[in-house]
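My structure is below; once you've seen it, I'll send some questions.
Chains: A, B, C and D, in written order; residue numbering restarts at 1 for each.
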Amino acid sequence: MARPAGWCAEAVLSTFSTQRTLRFGDCDPSGIAYFPAYFDILNGVVEEFWIRVGFPWPALINTRRIGLPTARLESEFVKPSMFGDILVFAVELAHLGQSSLHLVHRITAGEELRWSAKQVVVATDLDTHRSRPWPEDIRGALGRFMENP
Amino acid sequence: MARPAGWCAEAVLSTFSTQRTLRFGDCDPSGIAYFPAYFDILNGVVEEFWIRVGFPWPALINTRRIGLPTARLESEFVKPSMFGDILVFAVELAHLGQSSLHLVHRITAGEELRWSAKQVVVATDLDTHRSRPWPEDIRGALGRFMENP
Amino acid sequence: MARPAGWCAEAVLSTFSTQRTLRFGDCDPSGIAYFPAYFDILNGVVEEFWIRVGFPWPALINTRRIGLPTARLESEFVKPSMFGDILVFAVELAHLGQSSLHLVHRITAGEELRWSAKQVVVATDLDTHRSRPWPEDIRGALGRFMENP
Amino acid sequence: MARPAGWCAEAVLSTFSTQRTLRFGDCDPSGIAYFPAYFDILNGVVEEFWIRVGFPWPALINTRRIGLPTARLESEFVKPSMFGDILVFAVELAHLGQSSLHLVHRITAGEELRWSAKQVVVATDLDTHRSRPWPEDIRGALGRFMENP
């Protein structure tokens, strides 16, 4: 379908967003966010994304024994964040594979991009820790999220 | 200089290595290493690398007000690690820039590659959090480490 | 003042409460909350308490150079919490000293007490890390919170 | 047995000790150790104590399904520790109950006591998360450690 002039890419992305305040314990003696703490926060944001998709992790992991480990992660830290900063995490579902999921994260404070990440998550069988195809119900929910987040 | 046949690349890399046992608190309810905990461990390994280079972070940060934040990080998680695994962290100093440092990390258990990472670290002025050139003494020590780790 | 029959102590305590969902990264390979993660969460709850009191930590720490380290902590872990549990943190300001603050924490899920803690926080001068009296404005705000939380 | 004059209590305690360097990521924006990070370190020290006793946690937890959660913890933080400090953790096995263990922790830097903790650990069945008596082999090893650490 032709896109109208002035079409705004941002508006049609399959994006979920949520907010976190950078806590004291997330920061380091140099006064800025400690990057491993950023990833701990990001992991919680991804958990929240899955609640939105309709599959909270506790049921996936404990009942269905499906794991969602990270297989690849590329991050760029553009500007430092300080203790107390309010960060908006925007999660875009960029690609849905047979047993994987590509997420693109953009973390901003106000108009300013602080950091970004591309993350590849793989569905695994928790008894073998090997990758497995998405079950149909989960694939369906992820597909619907991509079309209509 | 010509390299002899059978030359082993590994032997001449500017590599530092150290070992960590994966602790209970580093692992998650799916039974494997929690990836943000991996980065917390990695950061401690990089601190140890700097002690070897001759510039422990406490003096750099507290006295000289030089920060060493991570600007880019690319990681690939090849095989899961379990609680109790003994991991060897090999840190290669791959490139020394005007105000940056490229580290390549390979994390193995026995012969098995578990994960790897490329990390770009930038020297910053901790009062402005802006990048700054390496001071001569630090550049010199990093250069000597590259030649003769 | 005489208290009416049936007076409910709970209702008049100087209590602040907030909620946290126990995340994947807060739990350990045995499937329950990792106790150091509990304290990391608690510290964030105490930060939120201070926002309610009117003195967010970033200004206290960065601008006024007042630290609020923990001097004593007693905790009892009554029942385990699982990944995904919604926990209510109730913070009672139990005592206000010259340079200290006693907080009593009760953490519940539904009607069930999961854990509790008594915490003594001390105001310090961040340049010397020694205790110091509460400044008048902060003491006043804490006193008002005790009377009318 | 009568103890000789000048008997040194320290010398006969059932004590295990190990050392940790306080890392950058263990410290907070006020420049000192973040107390939840202290407990994360402490938990790793207790894991190391169990290796010394002869029962590494991975086998206990994964194979025998015995958990060792903390039921009580009392801590006193006497002096702040700074990034880079070398801390000695001394763990005393103070009491062995039917299904519990009392540990006393003293954490020093040089001659200076930095913090201390009393910790009650309970053996649990990981399928029910309820307390259970120590198995005979573990009780025996703990008893031998108390007599001859």
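The criterion applied here is as follows: a contact is a pair of C-beta atoms (placed from the backbone, for glycine too) under 8 Å apart; a residue touches a chain by one contact, two chains touch by 3 or more.
Bear in mind the structure is a predicted one, so any value in this text is a computation, not a measurement.
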- Message: When contacts are scored as defined above, which chain pair ends up with more C-beta pairs, A-C or A-B?
- Response: A-B
- Message: Pick the pair from A-C, C-D or A-D whose contact list overlaps the B-D contact list by over half.
- Response: A-C
- State, to the nearest whole Å, the distance from the C-alpha centre of chain B to the C-alpha centre of chain C. 37
- Note on the structure: Note: chain C sits from chain A at a C-alpha centroid distance in Å of 30
- Distance in whole angstrom between the CA centres of chain A and chain B is 25
- Of all residues in chain C, the ones touching two or more other chains: 24-25, 29, 31, 34, 36, 40, 43, 61-62, 83
- Message: Looking at the complex, which residues from chain B come into contact with chain D?
- Response: 23-25, 31, 40, 43-44, 47, 56-58, 61-62, 82-84
- Message: Per the contact definition, I'd like the list of chain A residues that touch chain B in the complex.
- Response: 29-32, 34-37, 39-40, 42-43, 61-62, 67, 69-77, 80, 126, 129
- Query: In the complex formed with chain C, which residues of chain B make contact?
  - Reply: 24-25, 27-29, 31, 34, 36, 83
